[in-house]
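Read from first to last, the chains carry the letters A, B, C, D and E; within each, the first residue is number 1.
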Amino acid sequence: MKVGTVVGAIWATRKAPCLQGQTFLVVESCGQEIVAADQVGAGTGDRVLLATGTVASRYCMDAPVDAAVVAIVDGQREKKPG
Amino acid sequence: MKVGTVVGAIWATRKAPCLQGQTFLVVESCGQEIVAADQVGAGTGDRVLLATGTVASRYCMDAPVDAAVVAIVDGQREKKPG
Amino acid sequence: MKVGTVVGAIWATRKAPCLQGQTFLVVESCGQEIVAADQVGAGTGDRVLLATGTVASRYCMDAPVDAAVVAIVDGQREKKPG
Amino acid sequence: MKVGTVVGAIWATRKAPCLQGQTFLVVESCGQEIVAADQVGAGTGDRVLLATGTVASRYCMDAPVDAAVVAIVDGQREKKPG
Amino acid sequence: MKVGTVVGAIWATRKAPCLQGQTFLVVESCGQEIVAADQVGAGTGDRVLLATGTVASRYCMDAPVDAAVVAIVDGQREKKPG
């Protein structure tokens, strides 16, 4: 999974009917922008954990999405130098 | 998911029978060209949202496609500088 | 999906039994060589459309392949400059 | 699969309910940081084997994760120069 | 699929129970090292064909692996210059 930062959102009126009600966040991760469905309630500036692929679709009730926010990251413990 | 811009279309007469009737758009995203099945009715110049992988195939009635246009993007809200 | 050009073929005698009878083409796409199962009858020099991942396997009767030629591209319409 | 080194861990209180109880390690592989669910009991500094995609989800009882530690690498035999 | 060359092997005692008995080869493909389960009997120096993703897992009796050697390449025919 990737960790990224929410930098915005997109909206669309013409879309697959099964996408109705989904929120789409723009997440920047490693200099790349990924659009992800959000069911956790993340907001701009949050650091989030993304799951991608079929896994994301299954998490979003089989909607045609290939990326989803699955957690909001609270903290990260780094390796202590030996 | 990726956001891209429709820059053209391709056609093919010799193809998997189950691809009959599918429209294939050429979408440019991050300097890369991706061919995606379209069932939303996007046209050249439209900014679209792409789903990739098995998810795209399922959305296109299990056709052998690994990318699909699932929405036409109306707008994008950017993060306001703090 | 990716568009690429068939540049050769590979053969193998020691392989997964379920690959018996599959033709493997070498397709160049964006400077990268991908080996893809072919059931459309593409030949060297043909521009082809590739599907990748589980989708390709399903198209090839669940054989352990992750790329398949699903169409031979006849033409591409480019975006007219505004 | 990829081999990488565990360099830390992340935690999250707001997350998909089905992620409850999962441990998330940060694994560095080829200069890239991947977050992976761990059920093998790896610790910081361990060299681990990662499986990605739907495979990882299935291994983690269908949780919405797309990377999992599936083994701790004990050793690697390199090719002897001819 | 990718063609690569077997350059070594890895071993692990602490691992997912369902990985018991699997052989893991290190395959170099396009300057990248991929670890793949082997059921074809490939050895160091062999050129092999890799299938990746869920396809590889299914080929390995649903073990949590995302890459598998599915064939040992005997030869490759290149495109004749026109």
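Basically, a residue touches a chain if its C-beta (ideal position, glycine included) is under 8 Å from a C-beta of that chain, and two chains touch if they have at least 3 such contacts.
What you are looking at is a predicted structure, and each value in this text was computed from that prediction instead of being measured.
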Intersection of the contact lists for subunit B and subunit D = A
Separation of the C-alpha centres, subunit B versus subunit E, in whole Å, is 31
Distance-wise, how many Å sit between the C-alpha centres of subunit A and subunit B, to the nearest whole number?
-> 19
Among all residues of subunit D, those touching at least two other chains are 53-54, 56
Work through the pairs of chains, note which ones touch, and then classify the graph as line, ring, star, complete or other.
-> ring
Since the chains close into one ring, what order do they take if you set off from subunit C toward subunit E?
-> C, E, D, A, B
Subunit B touches which residues of subunit A in the complex?
-> 6-16, 19, 24, 26, 32-36, 44-45, 53-54, 56-57, 62, 64-67
What does subunit C use to touch subunit B in their complex?
-> 1-3, 30, 39-41, 49, 51-56, 58-59, 68, 70-80, 82
